[in-house]
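Below is one structure, written out as structure tokens; comments come after it.
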Amino acid sequence: MSKIQYSVAELAERFALSFKGDDARIIDGVGTLSGAGPTQLSFLSNSKYAAQLGTTRAGVVVLHGDAAESCPTAALIARDPYVTYAHIAALFERLPAAAPGIHPSAVVAAGARVSPTASIGPCCVIEDGAVVEDGAVLGPHCIIGTECVVGAQSRLVARVTLVTRVTLGKRVLAHPGAVIGSDGFGLAFDRDHWVKLPQLGGVRIGDDCEIGANTTIDRGALDDTVLEEDVRLDNQIQIAHNVYVGAHTAMAGCAAVAGSAKIGRYCMIGGNAGVLGHLEVADRVTITAKSLVTHSIREAGEYSSGVPLQENRQWRRNAARFKHLDEYARRVSALEKDKNDD
Amino acid sequence: MSKIQYSVAELAERFALSFKGDDARIIDGVGTLSGAGPTQLSFLSNSKYAAQLGTTRAGVVVLHGDAAESCPTAALIARDPYVTYAHIAALFERLPAAAPGIHPSAVVAAGARVSPTASIGPCCVIEDGAVVEDGAVLGPHCIIGTECVVGAQSRLVARVTLVTRVTLGKRVLAHPGAVIGSDGFGLAFDRDHWVKLPQLGGVRIGDDCEIGANTTIDRGALDDTVLEEDVRLDNQIQIAHNVYVGAHTAMAGCAAVAGSAKIGRYCMIGGNAGVLGHLEVADRVTITAKSLVTHSIREAGEYSSGVPLQENRQWRRNAARFKHLDEYARRVSALEKDKNDD
Amino acid sequence: MSKIQYSVAELAERFALSFKGDDARIIDGVGTLSGAGPTQLSFLSNSKYAAQLGTTRAGVVVLHGDAAESCPTAALIARDPYVTYAHIAALFERLPAAAPGIHPSAVVAAGARVSPTASIGPCCVIEDGAVVEDGAVLGPHCIIGTECVVGAQSRLVARVTLVTRVTLGKRVLAHPGAVIGSDGFGLAFDRDHWVKLPQLGGVRIGDDCEIGANTTIDRGALDDTVLEEDVRLDNQIQIAHNVYVGAHTAMAGCAAVAGSAKIGRYCMIGGNAGVLGHLEVADRVTITAKSLVTHSIREAGEYSSGVPLQENRQWRRNAARFKHLDEYARRVSALEKDKNDD
């Protein structure tokens, strides 16, 4: 493969950045401040890494104007270096080649509709009534069930399963092992055994969403499970039936949202955090890692639960006391009452 | 596909329900109180939704006798409307067609035994010594390893893997990405490195169990891992080696049970709850979401751990104090002692 | 299949053990103390099972010298019976047959390099630029992406996906549903929407590592995500981008490590425990189940967070008090001050 190359001047122009130093330098990749070489671009965004700037061997560094003076090499000045770096780095990303057409090992039902500009990888299975739109790329081993739609320019990296009645918007990116449209967990208890509630709804995923590896999103019981546009889900997230996630919300790995919960827009749900069923979470709410949302949240802000990590013996002593916390609180009140009665 | 249709009178007769209103009405589907139209059936079970009854446009509503008067449309009167609704809704579920036979892209070993009434989907792999019984349906990409049995009428929706020595009972339903019979996590530490303990047992899953998407159930080290009948597992659950789960127990998403734990019958394990290894949990125990079971539970009841969610700054102040809880408890005792010494 | 058989004398010689009782006895398998029959070997390691020794029907028992007198059958005396048992049991494990060669249903790109002694199972997909080394075994449905290497004698049980730039060392064992090399979760927030940071690094997995079912390991953003040798990961573990895990560390099911965290050697991470991003954890640290590591750990030892399980009504009273813990602490201090002012 031929190298992807840009001069510093070309990058400055393309992203409307000012620069400092040698703008003729040719850049063919990106790297960390400590690891980048003279043909690579790096960035400084987190002040924690400022000390590495002085000794970087990078060809050019994207940074905030405040740091330009300390930069020993060419610099591209950005209002938000991390965002600018993200855009530049995308120029150097090599996605696997995906020629239009259907791999001969794929199994495409006669009643499926696949755009001639879509790419269908080895061993994919596309069932009757499924639709794959223009420019979509399905890596190996994807399964597109009946009444499912893969929107234009979406990319299912490999081994993604859309079960039934799943609609992906445009430019959706789904990683291996993701399962979208599996049955919600709906059961009614009939005297001495469980009766399954048929799960008849679907899943609607908006444009520009990203779905992590081994993440699961269940179909709704009657209405649909919904992710609005630009929702970003990390790996191993569980979204139960009839959950509604507002646009631009991001969830870190192993988060879980129980049935019929409604999450607002621009929320940040931390790793392994949970939201109980039927709750509502307002816009712009941050939930820290491993917290459990046990009541609806009406106001933007940051919310947490849990207790801090301690050395095990210390922790044991404190944890044992937790079992009597109500009693201690009463004893404090009693002491105060005694004092006031004196 | 032709529509599935029942008159209200037919439904009343089939499920032995009394009714109110127009029993000739034709029903061709189900929906929510707020979303159902005049040819759809809905239900009222949770009083939270009672306000929606007055304005429903549903053709008929399944409800408790107490609510019949408030129903503006035909009503089917049920002792437990949710259970009755579950049974009726099942009539309208359209499962993907599954003709008996083996898809030409499937790879079935000469030493496998597949019932002629079973349906084996595209790209399935069935290894030597595996058995698929009458009427079982394997969606695309299922793998049935050696010494595995898929019981009659079981349905593996898609991409389910049975590794080795797994026996599924009748009418088991397994969702995409489930892995059953993977090696348990058995290691012995030999001075400076790990030695793997061969995992030689199997997994036995009883009749009418349901296994969620991306759930994992390990094979036993020597004896089998067991789920009795009608155990219901949601998505992303982890069942370690030699766990034993009693009949009719249900676990919500992301729950995890460590090795050799024994869970009783009719238990309810909440989302992301955990049970440590080698513990026993009695029948009819409920564990709330995200709780960790750290000791055996001998009595039926509801059990919890964790602390409540709070706004982050408040939470920080309280969490910091938790690190000194033992000290506070001692100081309270000291104050009490001083008082008594006065 | 012919039986695998060893006499007690052969086992004693092979593992340099002394023995007691009938050394001519023929052993053809292993079992638990309570379940093993006269041609099976069992072991006693955990004193909890000592009571079962007296009534065992096993042909021979591996045990510590202290227990030899109580053994009613032949005994093999070991310094560490569990480790010795692990080595002996491996003799009796029957791995699925894996003849060298490529199954006709596999799709191997012209630019892939597969050793003639490797075994490639049904429906595997091996992309251009991938390498599978000598004696490696790929079960059904594995996907080996571009620039990935499967080291010699490694075994991917079934349905393992290596996405891009993943290098497995020798004798790596990966279980079904594992995804290695998926994109890290890297996003920059650009005013009102997310911009994806290209994930350009890889994953390096050392010799003798084990990767559990449905575990996910993301590729690095720029540098690689790394597991040193003999790292043991259970099922459903999430390893984020640029995590570094030291040799011989073991993690139990559902543990999760956030981006750029560095875990030491010989650590034990409990089930569903978490480590926040960018932290460092020293060598020989144990984290108990469901704990969250919120700060770097500089010293070996055992660390915990969480509160104990209680009956729900008791727990509710204590949990409610936690929300005012800071206030109680202040009230205790005020009482002490009052007392001292008296």
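Going in written order, the chains are labelled A, B and C, and every chain counts its residues from 1.
What we mean here is this: a residue touches a chain if its C-beta (ideal position, glycine included) is under 8 Å from a C-beta of that chain, and two chains touch if they have at least 3 such contacts.
Only a predicted model underlies this, so the values are computations on that prediction, with no experimental measurement involved.
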Chain contact topology (line, ring, star, complete or other): complete
Homomeric contact subunit B-subunit C: same or different residue positions, threshold half: different
Between subunit C and subunit B, distance of the C-alpha-averaged centres to the nearest whole Å: 25
Per-residue overlap in subunit B, given as positions that touch at least 2 other chains: 105, 123, 141, 159, 177, 214, 236, 254, 272, 306-308, 310, 320, 322, 324-325, 328, 332, 335
Residue ranges of subunit C touching subunit A (in the complex, touch as defined): 105, 107, 123, 125, 127, 141, 143, 145-146, 159, 161, 163-164, 177, 179, 182-183, 185-190, 192-198, 200, 214, 216, 218, 222-223, 236, 238, 240, 254, 256, 258, 272, 274, 276, 286-288, 291-295, 301-308, 310, 314, 317-318, 320-322, 324-325, 328, 331-332, 335, 338
Of all residues in subunit C, those that touch subunit B in their complex: 30-32, 35, 80, 82-83, 85-87, 89-90, 92-93, 96, 103, 105, 121-123, 139-141, 157-159, 173, 175-177, 208, 210, 212-214, 230, 232, 234-236, 248, 250, 252-254, 271-272, 289-290, 306-312, 315-316, 319-320, 322-326, 328-329, 332, 335-336, 339
